[in-house]
Amino acid sequence: MSVAMKPSATRAQLDEVVHKIKSAGLKVDISSGEFQTVIGIIGDEKRIDFDQIRSMPGVYDAIRIQVPFRLMSRSYIPKDVVVKVHGVSIGRDNPPVYMCGPCSIESYEQIHRIGKQVKEAGAHILRGGAYKPRTSIHSFQGLGLEGLKHLQSAGKDLDIPTITEVRSEVDVESVAKYADILQIGARNMFNQDLIEATARTGKPILFKRSFAAQIDEYLSFAERIVANHNKNILLCERGIMPLGGTFKSQTRFTLDLNAVPILRKETPFPVIADPSHGTGRRDLVLPMSRASIAAGAHGLMIEAHDRPHEALSDGAQALDPKELAKIIRMCNLLHKTIRESETPFSSDFVNGNGHD
Amino acid sequence: MSVAMKPSATRAQLDEVVHKIKSAGLKVDISSGEFQTVIGIIGDEKRIDFDQIRSMPGVYDAIRIQVPFRLMSRSYIPKDVVVKVHGVSIGRDNPPVYMCGPCSIESYEQIHRIGKQVKEAGAHILRGGAYKPRTSIHSFQGLGLEGLKHLQSAGKDLDIPTITEVRSEVDVESVAKYADILQIGARNMFNQDLIEATARTGKPILFKRSFAAQIDEYLSFAERIVANHNKNILLCERGIMPLGGTFKSQTRFTLDLNAVPILRKETPFPVIADPSHGTGRRDLVLPMSRASIAAGAHGLMIEAHDRPHEALSDGAQALDPKELAKIIRMCNLLHKTIRESETPFSSDFVNGNGHD
Amino acid sequence: MSVAMKPSATRAQLDEVVHKIKSAGLKVDISSGEFQTVIGIIGDEKRIDFDQIRSMPGVYDAIRIQVPFRLMSRSYIPKDVVVKVHGVSIGRDNPPVYMCGPCSIESYEQIHRIGKQVKEAGAHILRGGAYKPRTSIHSFQGLGLEGLKHLQSAGKDLDIPTITEVRSEVDVESVAKYADILQIGARNMFNQDLIEATARTGKPILFKRSFAAQIDEYLSFAERIVANHNKNILLCERGIMPLGGTFKSQTRFTLDLNAVPILRKETPFPVIADPSHGTGRRDLVLPMSRASIAAGAHGLMIEAHDRPHEALSDGAQALDPKELAKIIRMCNLLHKTIRESETPFSSDFVNGNGHD
Amino acid sequence: MSVAMKPSATRAQLDEVVHKIKSAGLKVDISSGEFQTVIGIIGDEKRIDFDQIRSMPGVYDAIRIQVPFRLMSRSYIPKDVVVKVHGVSIGRDNPPVYMCGPCSIESYEQIHRIGKQVKEAGAHILRGGAYKPRTSIHSFQGLGLEGLKHLQSAGKDLDIPTITEVRSEVDVESVAKYADILQIGARNMFNQDLIEATARTGKPILFKRSFAAQIDEYLSFAERIVANHNKNILLCERGIMPLGGTFKSQTRFTLDLNAVPILRKETPFPVIADPSHGTGRRDLVLPMSRASIAAGAHGLMIEAHDRPHEALSDGAQALDPKELAKIIRMCNLLHKTIRESETPFSSDFVNGNGHD
C-alpha cells in the first residue's frame, strides 16, 4: 500500500499517518517530492485498515494493488479450460461453437422447427428462453416450465444440447433438470445468491457480463462460481451501455470486443460473444460475428427465427436460418485462417503484458 | 408512430412501407422534405409490428412515443402519496424523514447502541444491513437471520421503525417478519422476481435506483410494485455510475440530484436521497444532504457509526452521531426555510413542463 | 510506486522487474501474499520509466500516486480566491453572484431589453453568446463581432459587467476587448491552445467542465490557466453526459452537484453552477438552483429570455425575468440561512478527508 | 412530428396544444389510447417551434425524426468514396491501408529510422505527431514546426505519404504545407472552427471520433467538412470512454468496433480503426487489428516504435516494427479471405436495415 499526502498536508498530518502505520507494527518509506509526499508501507498490510488511512486528514489517496479475482485467474487454473457438453467441446483450440435459436420459446412446434433449422445451419447448441427478463411488466414473460419441457424435448429429438436462462433462485432446480447449460443473464450478474445457487447445481454455466460492469468487477462475481466448486464456466460478452447523449443511439448496446482478448488472457475459461443482444440489430450480426471470431471468441450466441416479424420478443435482431448458415461458414473459415497463420490465436498472449 | 425514411431510400422502398401500413388498415400522411420523407401513421398503432417496420429496407427510424410507466404516474395516482410507518409519515409536505444507522448489523449490542445514538440525533427510522450485497465473495456478508433479530429487538426497545435490505427471493418472508420497511438495493433493481415477491408482502418498500438505470427505466421496474397492489413505495436516488476515464474518480458514485425533482413531478411517491452511498465519502455527506433537501427530497438515508474505523463495511462513508445531529438540524432548517418562502416546494411543479 | 505482479507471474519475471528497478539505483520492498507479490519502490521514482515497468511480463499493474494538478491546488494558493469584476466580488464568503441573460445575443435591442430585466431581477453579470458552439452547421451560429458590440453597449448602458464565450483562438483578442469575463465552453475544455491564449489576456475566465471530463482531468486542464499567470478563474459545473440507454433521457445533461463541494475543497477558486445547460429544462432550474447553492456554489449562471418561445437558441431552458427574480430571492435566502447556521459552508471542510 | 401527452394531461391542455398547431396552419391526427393521447402533425413542420410544443403543460414528449447529417449521407454521395494520396487508394474494395509510425516525432534521425522500418513492414503512410494534445501542461508537447519539417523530409526520402495532427487553427496552414493528410484528433472533434479551417485547405483529412460522441453526433460534425467543399474524408474510430467504476479499467479507452459497419452503411467515406489509441495496450493491438479488419475497416492506424521504452510519449502502446509486419500480413490475409468468400464485405449491406 502507498499513501499519498495532499500538497496541502501539514507536517502534523503526515506524522499522524506515519504514527498510525507504525503502531500497527509496520515500517514506512517516505519520499518527499516537490509538491507531494508519498508514504510506502513495508510489511503485512492486512494489519492496517485501508479505509481508515484513506479518510485521515491530509491524505490524498491510499492505494492497494490487488487482483480482485483469484480463483478465476490463471494462477489458480493455469491451463485453458475446455467445457464439454454432450460431446460438444468449447474453448482452447476447438473450432467455434454456435449457440442459436429463438429469443423466446413460443410453442412445442416452434422450438422443434427452429431447432432443426439452426442445427442444419451449423449450430451446436440450441438456445431458447422460458423465463424472460423484461423491462416492462406489460410484455410477454415467457412460457416458464412448459417452455422448459418443449426445449428439453427438442434437444432430445434433434440430439443437440440446450441452453436457457435461469432468472430466479426459485427456478434453479427445475431449469437444471431440463436444460444442459444454464445461462445467467446480464441483469443478474450482480445477483450473488442466484449465481451461487446456480453454481451449486454443478452444471455448465454461461455467465453474461452486465452492461454496467467493468471487466474486473465481472470476474470478481464470476469468482463465486468457482468458489462453489464449479469450473464449467463460459464467459460471455453481450454489450455494454451505449454512450449517453441526445442523439439517437445506433445500437441498443455496444458490443465490447476488447473484452474478448482480455478475458482470454486473464482467465482460462472459454469466451463467448453475443452479437445479437450486443447490438440489437440484425444487420450488424454478420460483421460483428466476424469481428468476434477475429478477436478470439471461442463461440457465438446468435438469435435466429424463421419468422422474425412474428417473434414474440426481440424480432429486430433475429436472423433467418439461411443467413445464419452463411455466418457460421464465414466464421469457421476465418477461425481456420487465423489458426493456421503465422500468428495464430495463441500468439496474442506472448507480446507485452500477457498472461505469460 | 412516425416512420422516417433514409435520405437514400428509393421510391420502391417507400411504397413498400406504405403498403405494409395500409394493409393493416391504417392511413398514412407522407411529408417529403428536401432530404427526407417522413410517414405519419393515422389509426390504431397496435395493429402494426413496430420492429418489423423499423427493420424494413430504406427506413431510418420508426418512433413510437409511449410513457414507459403507467401505474407509477400521476394519472393513475394523482395526489402525493404519504407512506406511514408506525407513526412516521413520509412524503407530501411532511418534514424530512431520516433513516440512519450502520451499514451492517454487527452485534446485538452494536445495533442497540448506535440505534439509541441516531434516535437522539433526530433520526426517525433505524437502518442496518443483515444481508449485504458484496462484490467480493471474500468480504463480510452480513449476519443474516441473527442480524434481523437484533434489528427487530433494537427497534422495539428504542421504539423506532426499522429498515433493512432483502437481497434474495428466498429471504423475503423472514425479512418481512422482522423489519418494518424492506429495501431493494440498487443491484437488484432489475431483479423482477425479487421486486414482485417483496411487493406481495404488502409492506412498505424502499426501492433504490440502479447506478445504471435511466429514470424512465427505473420507474418501469417500480411499476411492478404497484402492479402487485402495493402502493407503499419510497423511491430512492443513491448515485449513478461515475464518468469513466483514467483519472482517479473523486467519488464511488455520482449522486444524481436531478432525479429528485423529476421523480417528484412524474410520480406521486416520496423521494429519498442517499448521500452516503451516493458519494461514498463522509466529508461530502453534509453538503450533499443540504443539496438533496433543497432539491426537494422527502427524506435522507445516512450511514452512521460511532466507531467508523472499526466498522465491518463502508466505514469510509459513515458519520458519527454528533455530526449526524448537526446535519439533521441543518436540513430541517433548510426545509422549513423553503417551505415557508414565496416559492415553496409545490412551486417547482407549476412552471414549464410540470405534472400540472 | 508500487508494482503488483500477477498471481501467475513466475519467479524469473519477478526477478527481472526487481533487476530493472535496482539497476536504476533504487531499492525494493517485496511483500509476497498468498496469491500475489507486490514490489514497493524506495527512492526517487523519476529514474524509472513507469510505462516500461507496467508492460513487463508478469506485471498486473504499476501504480504511481500523483495529484494531477498542482498550481490549482490549495498548496499553491492556500486561501480562497475572490475574483473581482467591476465591483462584483465572486467567491469566499460573498453572497451568490448571478450571471444571467439570453443564450444568444439576437439584436442591439434584445440584449439591452433583457439586460435591463435581468439586472432588475437581481443579476450581477449579463451573459449573452456572440459565437455559439453548435452541433449542426445548419443552426444559428451567433452574430459574431456585431453581437460583441451589442453586449458591450448593453453592459455600459446598464452598468453591469458582461460575460461571453470565446470559441476560437482567432477571436480571443476581440472578445477580450469587448467583454469583462471570457467563457471557455464545455466543448473546448480539452482545447489547450484556446485555454492558453485566453489565459494570456489576463482577463477573468469562466472555465466550464466538459460533459466528459472527470474532475481531476478538468483541473489538470484548468492548470494551464494558472501556468499562464492568470488566477482570475471561475470554475463551472454545467452537466455531465447522461446515462446511456434506450429510454428517453429526462435531461440533456446531468448536473453533477457532487462537483461543487469537491471543487471547493480541492481548489481555492470560486465555483459556479449552471442549472440551465446542466439540465436543459426550464422547470428544473428552480429546484436545481436551490440545490446548487445548498451544495456550496458561489454563483449561478441562468439563461433568461422574456420571449423564450422566440429565442433563436435554447428556448426550452430559458426562464422569464419574473421567474428569475424569484429564484434569485430564494437562493439568497438559502445562502444566508446556511451561512448563519451552526454549520456554515466553511464547516464542509473540517470533517473527514477535507483540505484541512 | 408526433406529440405525446402525459397520462395526467387535462382536456384543456390537449386543446391548447392542438390549437397551437392548427393556428400554424397544420392539421392534427389525435389517437387516444387507454393511458395516453398522441397527436400526429400533418403538414409542413417547419412552421412549428418544436421546443415550444415540447415545453407546453401536459406534454410528455414531442419527437421529430430527422437525420442529423445530410451531406455525409449516401443520399448526397451514393457511391463509396476512394481517397487518394500520392498513389495510395483508401476505401471501397481496396486492400487495407496502414498508417504507422511513432506517437511523437522526436528527431530528424528518429522519424527517418522508424519511417524506413514501418515502410518495410508494409505500412503505406507514415504517421508522427509534431503538435501533441496532452492532458498535462507538464508533459512533452511535441517538436512543433521543426517536427513537421523532419516528417516532410522523411516522407520525401522514403517516398511515403505522411499524416500528422493539426491541433490549433493557428497552425492549419503550416501543417497543410508539410503533411499529406491532416488529422483532427478526438479532443478536437467538437472544435467547429478548427474543422472548418482544416477543411478549407482541401487536403485529405482523417477526422477522429471523440471518446464522448455518439455516432450521429460525430457525423453531424464531419458534415462541416463536406459543407466546406472537401470530400477527402477518412473517418476514424479510436475508442470511446471506458465504463466508469471503482475497479481498474483494463484499457484506457474502449475501441468501439460497432462503429465500423455502421459508418460504412451510413456514409460513403473510408473508415479507419486505431487499435493503438483505442486500447492503449500493445498486447491488444494484434487481436483488435484482426477484429477491426473483420468488422470492415478500410485501414488501420498503428503506433510503432523500435525502442518503445524510450519513446517520449505513449510507449506502452507502441509496437516494434517486426510485430507490426506480422500484424499487417495477418490483416491482409484476413481481408482477402473475407473479400473472396461467399459473404464479402459488400454483403454486410444487403440484409436488414442497410443503406440498400
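Remarks
Per-chain numbering from 1; labels A, B, C and D assigned in written order.
As a working rule, a contact is a pair of C-beta atoms (placed from the backbone, for glycine too) under 8 Å apart; a residue touches a chain by one contact, two chains touch by 3 or more.
All values reported here derive from a predicted model rather than from experimental measurement.
Shared contact partners of chain C and chain D, listed by label, are A, B.
Compared on C-beta pairs in contact, A-D and A-B come out with A-D as the pair having more.
Inter-chain centre distance (chain A to chain C, centres taken as mean C-alpha positions): 36 Å. Averaging C-alpha coordinates per chain places the centre of chain A 27 Å away from that of chain B.
Multi-chain contact residues, meaning those touching two or more other chains, occur in chain D at positions 54-55, 61, 68, 212, 217, 220, 241-243, 245, 248-249, 282-283, 352-354. Those residues of chain C whose C-beta lies close enough to touch chain A in the complex are 1-4, 6-10, 13, 29, 31, 35-36, 38, 40-45, 54-61, 63, 65-67, 70, 73-76, 78, 241-246, 249, 252, 352-356.
Those residues of chain B that touch chain C in the shared complex are 68, 212-217, 220, 240-243, 245, 247-251, 254-258, 260-262, 265, 278-279, 281-284, 286-288, 290-296, 319, 323, 326-327, 329-330, 333-334, 337-338, 341-343, 347-349, 351-354.
The part of chain D that touches chain C in the complex is made up of residues 49, 51-52, 54-55, 61, 68, 133-137, 167-170, 187-188, 190-194, 210-212, 217, 220-221, 223-224, 227, 241, 248, 282-283, 308-309, 315-316.
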